[in-house]
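Same chain, two partners: subunit A is paired with subunit B first, then with subunit C.
And then the complex of A and B:
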């Protein structure tokens, strides 16, 4: 029934969700060079092979680049038309725009521009058409690739939860799994309504969607569909009303597909291409990557590349006219065309684009060097991204930064300062540990990253909520009982454990004077702070008593005091008085305070020992009092 | 092919490359036929005045074809063969003589054939074109009957109640067995030929033709070899020294056969005979490494895939001393005789295009 005259594909040149900072300023996602060849080259090869006759390329940025590219390329039997829309910023908008143009006549293949695929798209689309014959409401078929278990692998962030009807592959639920979520909620209805359902976390969305004509109108009708995830969620939730269903289909085991959603995926894709998983789109078999010599350990060398006396360890490729000096080592890296690299250079897990010059004795690890960079003698670059035309001075050391050249000069941004989701952090935190190293090492680094990760959002939000409640309560002199109720309800809203509640409530109370002073526009100094804190603690005594009831809670309370005291200079001198106050009010017991004072001192970090020093007089007093009491008991 | 081709390359050459590249033309035999028809078209439809012009044009186009498809050695063979035909016809037409006595040149003639060097091909011979086309049509018929000529010899090589081993799937070997089976009964052991496992299909086809067939896994090759009388295999290309480029696994079979002194026979249509040598495994374009997902390793195991290198070469190189006999369309020849066949088929100047 979908024997329409021409096979159409829509490619979005930009994928609006890709986080390959800062490359989006340089290329649209589809022109991102993968082994020195734009991603689009691979895509075109697949399209031609699948006999797709008409391709619409939707461009929303870098339009000149794309126009130039399409003009230069020569393709057989496939017509490429550009749809130009400057400033479109989401997939939903793009598809709505395409809908109004009315060029898509029947079934089509929707491809997000950041994907790489080797499968035969035509047969995939035919399979979708067969589904439509059975179910008129089949709107879209997602193509998923089976990855197997993604635990401890580069792909662990790509995993998604797919719930489907086993017999028909009808999608019931689809979501990307986040690392922070340890639990998955399953609906009872799925099990009740279907005789057999399948739950999987091993599938990867290939960013290829086989669409019926109804997809575009659905986007047009629902203005809130911004991303593909919105669309899938929306359609699955309103299946009955919209009368449309989503199916999925597994990519053939011999085919390969991977969307570049992050630098990590980019790294993965390059490695897979070098290891020929993506055959026939590999160096020396693919027409854009000709004249490469394939050598053991997945290393490739262009016929013109000079690499005498250097070591190509594994998984690397040397491009046209590149030259490597003596004793240079390369592993898991791509060196593009016309690069000149000196002697004794060590290059690992790095991407070096064309015309880069690297002088002798440099070390380049986990980095990306965009075209025309120069790295001078003896520099070390670790976990960095160098934008085009950066000149790195001799003997400099760059770690974890993005270097961009601007009109005013060179700007350096710390990786960690960037307000992007942690997926971006290709480096350091997201261990790019050498895979061949023993597994214990990689697992320990993983633990590290877990510990380092910031407190989950919910807890933070809970804290600010508590601070708001208390501040309002203190200003309006509300009843403490009511405030407790309020805190408890926020606790349930954010699903915070009771221990976290104690910790955060104490934290909130201790930081409250700062907020209060800011509110009343009184200057913040130690004196004001201490005066206010005393009043606040007196006022909130019932609340503190309510939460700090048992020994565990006392621990949490002490932990909170320690954390706040170590970061707030105003509180530090007052800490001993604070402890004394809590002791007098029977909030904290003598044993607990002493236990805390002694127990944690071994992880001697500067701040915490500072706190310990500050409270020393009080502890001394406590100990003396204790001795006195025991003595008096003895008497 | 996406990149823009250089000028002067014939339209049909580009089309052929695309057809082969995208899998429209499959199998060596079909590729050979397609190549010859393209070369014929160049002779027929392009403008040329002298044989030199034509040879240059064919060399240029041929070179482009070979570079685009380095693995299909038979394309190069056809280009060389065509050049040889042009030389022969040119000399014949120039001398304006009718064909001399025997087409088989004597060894003496080959050794004294230096005078070819002095001939320049710049004289315009009007009758050359028609003579060439005639010769090429003749050659095409030779190609068509080539496979038949090989299978005709089946009964000479396969005797009653023999046990014969083969590996993987080869259309020619299959026909060879079927032909022999029409007159006598014998057993065939098919090694499955991993990781592509084409041997399964082969075994089914043979069994359908009422041949007693046993399918074994590749690991059992050595164990089974002791009771085998003969190994008969196909090949992808035969190198100039008589070595084979055949599907992976053939080397194992040949080694096992050597150990048990079992004769190894290779069916060789002459278009597979290449004047090139195999120098090393690093040689560009000798082997084809396909995705390890095609049978070597499970694609649904990311954890493993990230950590290991998996290789999946399609071809094996079998040195000539492991081969007993080549059965070509003009009869059986030992590997040591390959040089003679080469000098008959191609001109030494064309070995390197």
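And then the complex of A and C:
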């Protein structure tokens, strides 16, 4: 199938996202420096090793930079051609553009520019060709890396669900998991049509796609495919119409790949390179990172770097001609070339690009300093990104902001104000956000499991039925007479005694505001609850009167009020007004209320006495009124 | 009782065979013959081979004597305690277990009387022991019924029940269990499950064989919580789904006293022994290497599924499966060389049978049956005290006890239940004849159920 003499790869220099703000304004994704070496250097090494003969680099921004860069490189038999299209703004547009140019003839490897990879791409492509021999409709194979678990890692936002046929690795569904969704909806047919279906969340899209010639026409035919996710979703949904299938393949465990999809991923990639997970693309083994001295605790120092009297704690690297002052501490950080850093400086989890000057007694934590910045004496930088050529005045304190220089001066943007949401947040707030997620997630799923636990009995079913009827009745302003008929028919359906009916109807009415608020998505608080309850009671007055007719019914009604009030905080302070209303409407009689208040129920516990305390003022008023009336009678 | 058993075995044989009422009108389901042996023999021999010395057989009170008489004849070495439960036929499996809970004092194995398989239980027991599981279940591949296999009785588009069984690829944990018929087009799966078990496979061509090894605490929970009526349909899915939950922390005592009904809480029963906990904490063992969580993710409730790769195994709980088991049992049994001797208990032709026929191929004839001359029998089982008169042809059929087939009949691919009579010159193809029914002479039937209508209702 794949007897094309030339192995072709298409690299998109941009990734058309803003997740690495503000770096997209400074250089294209592919020139993003990782340990002071542009990502493209690593990529080229992999391409050359994989014996890829022809590479098309699709440039859509920072074209001059790319041209310059490509000119000076040595490619050892790999031909690089630039496809220049200024202003292209999505992956879909880029591929459609490539399709019209007609330079790609056969199978090719599509690489998004923000990825880092060490793998034999040629053998991966061959594996895809084998799949095509079995299935002519195999249009693309995604290369996925097994991360084991994305839980509690920097990549947890990248977690995706891959549903595939186990025997063939044919993809059936692919989606990013969103923390906001507790459940994922799956089609039953996938499971019935295949005997074994794998559900995976341990895989990470490496941004490397092995493509058949049909990929480009597919993009050309479907204008709405903007991103890779659109393409995958579109193809999987219309598998039969398009006669195309997507497969996946796991990256060899010895290989490494990681797309820089966020600053967190950037941090993780750098740490992995320093810890030599990405061998052979690591410092002192890789041609662009030569002449480094490898020291314990994954620390590196360029031969020319000066670092006397300072502490390189762990996982850090010091570039060409950089110098550190006395008593300076560095951990988990990268310091690029020609940086001069003073004494007593503390640098943690930070990336300092070339030609940065940091004066004495500064603290740089969780920050990124682009080239040519100057941080003056005694400043504190925490969780910030400084764009090129920013000059930070002495003793200033920057926390969680992006500093950019514009023609009008220096602009500062708060991280939290950015629309990019938590994908962007740099390391500091990150931990916190994760913890939050965990706790809400676990508590909510607890609730879930509570909810699906054992079969509700008839009375509960009746209650929920009544709540449904009333809610609908209230929303659509149905006639109360009809609702009474409806409740009565439910009563017979579930075989509920009349006393239980009264009890449950009152219970339903009292809990109705909660359901109504949930339905209309208004926040639940005491004020909203009480306002709605008042309206609801007025509306359902005929219903209440219909069920609370005799003394027994009044007992049930009071019991319901007591039970709901004891469990609903919103109702508790309002209970006395409620009793008053019922009293005024002649639903409850004075004697009954007093009798209820004085009765010490067998299961008198904290909650029920709480209710009695809450209604005390009303009872007091009632008694006084009673005395008054008896007095006046006497007169 | 001084001896100590690690596991007790419980054979559930009280079911009425609600999916095959045509057959069970005449006799209890567990005594329906497969290759002339009551089907309950098959699970019992599995237990016996695995070294069980005793077992509790749960039957309906009404059938207790019948079953115990039949079991005595089988010559099994395993000591059986037969427990009759009044009205067992209408009770669910979990209800039955609940009723006999006083007899259960340790972890136990539950096996159903309709499991016809050739499996080695020790593997399942070891899986259970290895992880100190809550429940371990056996999963069998759904038997492949060939397209040309015809089930006696009218054509029915009976959809086979499909179980969706999710098993973690790394740890073998049973993480998801549902029946496909519970869903319409889509179903939801919680993200928590997906993120916890990052790599699992959902099988749709496996079935839950209804062989469980169950921890004692699950029984205590079951006894307390009376809402569960069946093991397979209710209890097991519930326990499986509870694996992700954690015991509620007790510190918010003030608020939870009333609202959280502690009695309902499964974690009142599922408690890790202090020593086990200590071992787990101190041991370097971890069941997974995909993340940095502790072994078993700290879950106390753990369910496992053992996937058997044996050639055959099925549950004879429908007419189709019952007939299929009869048709294939010899082939399966023969395929596994070492086990033929077990079936030697069943001589092809009983010594007390009277055979005059010269044309018999692969037939089994039980005690006191008479096959007259000029008959032709192929691939059939003839039960005890039956009579096949001359000039009659029988092929691919199951004939139970006390059946009389008169002269000049042609019987092909049929099931003839206890005590029925086929009068002269009848031709039956793909039919099912109910117990005590008399098929009038000279009639021809194909793909029918012939039975006294009132008999079905009566039961």
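Operating definition for what follows: the second predicted complex is superposed on the first by the 429 of 635 C-alpha atoms of A that agree within 3 Å, B and C clash if a C-alpha of one lies under 4 Å from a C-alpha of the other, contacts with A are read in each partner's own complex, and residues count from 1 in each chain.
Criterion: a residue touches a chain if its C-beta (ideal position, glycine included) is under 8 Å from a C-beta of that chain, and two chains touch if they have at least 3 such contacts.
None of the values given here were measured: they were computed from a predicted structure.
Residue contacts after overlaying the shared chain place A:202 against subunit B and subunit C alike. Legend: residue contacts after superposition of the two complexes on their common chain; A:567 is shown touching subunit C, with no touch to subunit B. Of the two partner chains, subunit C is the only one that A:194 touches; subunit B does not reach it. Look at A:298: by the touch rule set out above, it reaches subunit B but stays clear of subunit C. Touch criterion not met for A:619: it reaches neither subunit B nor subunit C. Of the two partner chains placed around the shared chain by superposition, neither subunit B nor subunit C is touched by A:242. Contacts of A:150 after superposition on the shared chain: both subunit B and subunit C are touched. Of the two partner chains, subunit B is the only one that A:41 touches; subunit C does not reach it.
Once the two complexes are overlaid on chain A, the subunit A residues touched by subunit B in the first and by subunit C in the second are 148-152, 202. Touching subunit B in their complex are the following residues of subunit A: 41, 44-45, 48-49, 72-76, 146-155, 202, 253-254, 256, 268, 271-272, 275-280, 284-285, 287-288, 290-291, 293-295, 297-298, 303, 314-315, 435-436. On the side of subunit A, the complex with subunit C involves touching residues 148-152, 159, 161, 166, 177, 179, 181-189, 191-192, 194-202, 441-442, 445-446, 448-449, 452-455, 566-567, 605, 607. Contacts from subunit B toward subunit A in the complex involve residues 1-5, 18, 21-23, 67-68, 282, 284, 288-294, 298-303, 305-307, 309-310, 312. For subunit C in complex with subunit A, the residues that touch the partner chain are 162, 164, 166, 169, 180, 183-192, 194-196, 198-205, 225, 227-228, 238, 241-242, 244-246, 248, 257-259, 264, 289-293.
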